[in-house]
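Next up: the structures, one after another.
Across the two complexes that follow, chain A remains constant while its partner is chain B and subsequently chain C.
Up next is the complex of A and B:
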């Protein structure tokens, strides 16, 4: 029988930060998550003011790690787009789709990964993204991660991420979508003790928020 | 309402006559002291026709939040995959768009055809009681009676606080939510090819609040 979901932590960034940590997992002892099966839910609302072109240069991207395990297998499907007219169908690009093994971070692809920047046409005609350096900013990326850690098997995660952006001069929008799964068998018998969320090539701007919940799914102790 | 941070509460269920046969549902005065508010809708979709003419067509969902003044000013992005295509497509609506996304292809007509065109929808919003701009995430799956017509999509609705027409609504607390079904060819169901879109038998909707106390 599953236990109720428990709230494990919340962080709101007061200043721009490249790394966010959660270390307040379940306590050690007989309830330690190394012994039982757990589900975790991580929700992130992250903000960036990056306005560089996408696809032609390394933009900001995000990634995770658990317990400093540097061996993650990743299957990801990403889409970044710009200037899409209302209702215009647009097939997802093959780039940066990836299936890759042995990455240092969860949700990390070999080159571009869990991206949070804008589309390709960062020119005057289409306009740069709106950014007001405040919490009313429109460039929030919203991400939800489901993380399953069973005591005798590996780590498994699934992510949905979406980022809708409005632009200064354009009536059309640009956005990023990202779907991915990842997992590892490394360190499978060790309880999650540290979650590290990293912004590479840029920072999580002040006002970004992170929530973590946990749910024990076995009750046979 | 003050909630413990480690609580998950389920409330506000709509079932039976509260949702079946209706084209829209609405929640008002939703408690706002949550880290995350989830809105779940599950059930079946139907196209009503009295003309006898039956033709499957797309089934859309229109969402209204932050009051009626926000209608038509959503920034919406949507990704969808439909079986038969086997790849993702993306659809976005600009600032003049509605809070609309595709649910799937509906192939069920009248109220007698139970058990078809089943869907699952979830919306979530973080910190609905805050005064910062908010976005509403959605994900949905729908399976029609035809094996080739399964659809899943996900995306985000957002009010742009840096546009004058949306600024006030974007920063108001999130305490109302209206969701309407719409057929691809809405209109008088007596006219062949026009349909009402409604929730079918067994449909349910409810709210789920996760934690609370943050701003």
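Up next is the complex of A and C:
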């Protein structure tokens, strides 16, 4: 029987950082192979000052690594807020959208673009950003990852992001949503020791925040 | 040149520490980035070839007297070719 969700840790970065670790995220003496099922939830509020050329790739991109668990098959979609100002429905953009197989990292750019990007402020030619003012020349976005192992079905993750990208080259456009899912059978009964969030192509700026919860059959902290 | 910073939180103690990446970690990060970019380049090459075939197919249909709108309904849209570039952190 699973225990209630347990809060495992919080980090607010004091420096611009290329990687974020959560270590010892299984109770002492246990690991993934100790459980038929487990759930982890990671919430990230990340900040960037990177301004992409067109609001799409390349930009800051991040990776999620569960050591000893690899060979992820990934499907990713982004949501492109094309015309929210006039009240029309959201539209699914064709870009960036990706499927890929056999990746060592879950949600790895470029093939499965976990992006964090800002448009250009107060630039009439390139459009303005939707979610930040000219005084606040950073883009913040929220990303939530649910990581699950279920019995013999291997590992799976679901990622939902919001406000992770604003877009230039348009007067009222931005990417404001992103969702992806991935799974692997490889290493489903191994013993990952670390959750590693890697900013592969940029940095997590100081002030970025990370929270981790776990739901397992054992809580011993 | 110093290595990038990493922040690590030990869930068992609640202690967060900041440190420089080891040379091994830095090299691993760079290597995996390069590997990813190579994968994109390979996918791009496949997509460029596929797009060329799609363009030829569209021309053939147009030559048969179909309208552009009809051709667009028959022939799938071009596949995405992604830019390959690595940003340099400040």
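Quick note on the criterion: the second predicted complex is superposed on the first by the 147 of 221 C-alpha atoms of A that agree within 3 Å, B and C clash if a C-alpha of one lies under 4 Å from a C-alpha of the other, contacts with A are read in each partner's own complex, and residues count from 1 in each chain.
Keep in mind that, in the parts below, a residue touches a chain if its C-beta (ideal position, glycine included) is under 8 Å from a C-beta of that chain, and two chains touch if they have at least 3 such contacts.
Keep in mind that this is a model prediction, so the values were computed, not measured.
Undergrad: Using the touch definition from the top, say if A:144 reaches chain B (first), chain C (second), both or neither.
TA: So A:144 only meets chain B here.
Undergrad: State whether A:10 touches chain B only (first), chain C only (second), both chains, or neither.
TA: The answer is both, since A:10 touches chain B and chain C.
Undergrad: So, does A:18 touch the first partner chain B, the second partner chain C, both, or neither?
TA: Second partner only, chain C.
Undergrad: Could you say whether A:77 touches chain B, chain C, both of them, or neither, answering first, second, both or neither?
TA: first
Undergrad: Taking the two structures together, which residues of chain A meet both chain B and chain C?
TA: Overlap of chain B and chain C footprints on chain A: residues 10.
Undergrad: Which part of chain B faces chain A closely enough to touch in the complex?
TA: 5-8, 35-36, 75-77, 79, 87-97, 124, 126-127, 132-133, 135, 137, 139, 154-156, 158, 160-163, 170-171, 210-211, 214
Undergrad: Mind pulling up the chain A residues that touch chain B in the complex?
TA: For chain A paired with chain B, touching residues are 4-7, 10, 12, 43, 45, 77, 79, 81, 84-92, 130, 132, 135-138, 140, 142, 144, 160, 162-164, 166, 171-173, 175, 177, 207, 209, 211, 213.
Undergrad: Where on chain A does chain C make contact in their complex?
TA: 8-11, 13-25, 28, 49-50, 56-60, 63, 94-97, 100, 104-105, 108-111, 198-203, 210, 212, 221
Undergrad: Spell out the residues on chain C that touch chain A in their complex, using ranges where they run on.
TA: Chain C reaches chain A through residues 4-14, 16, 18, 21, 25, 29, 32-33, 36-37, 39-40, 43, 77, 80, 82-87, 89-90.
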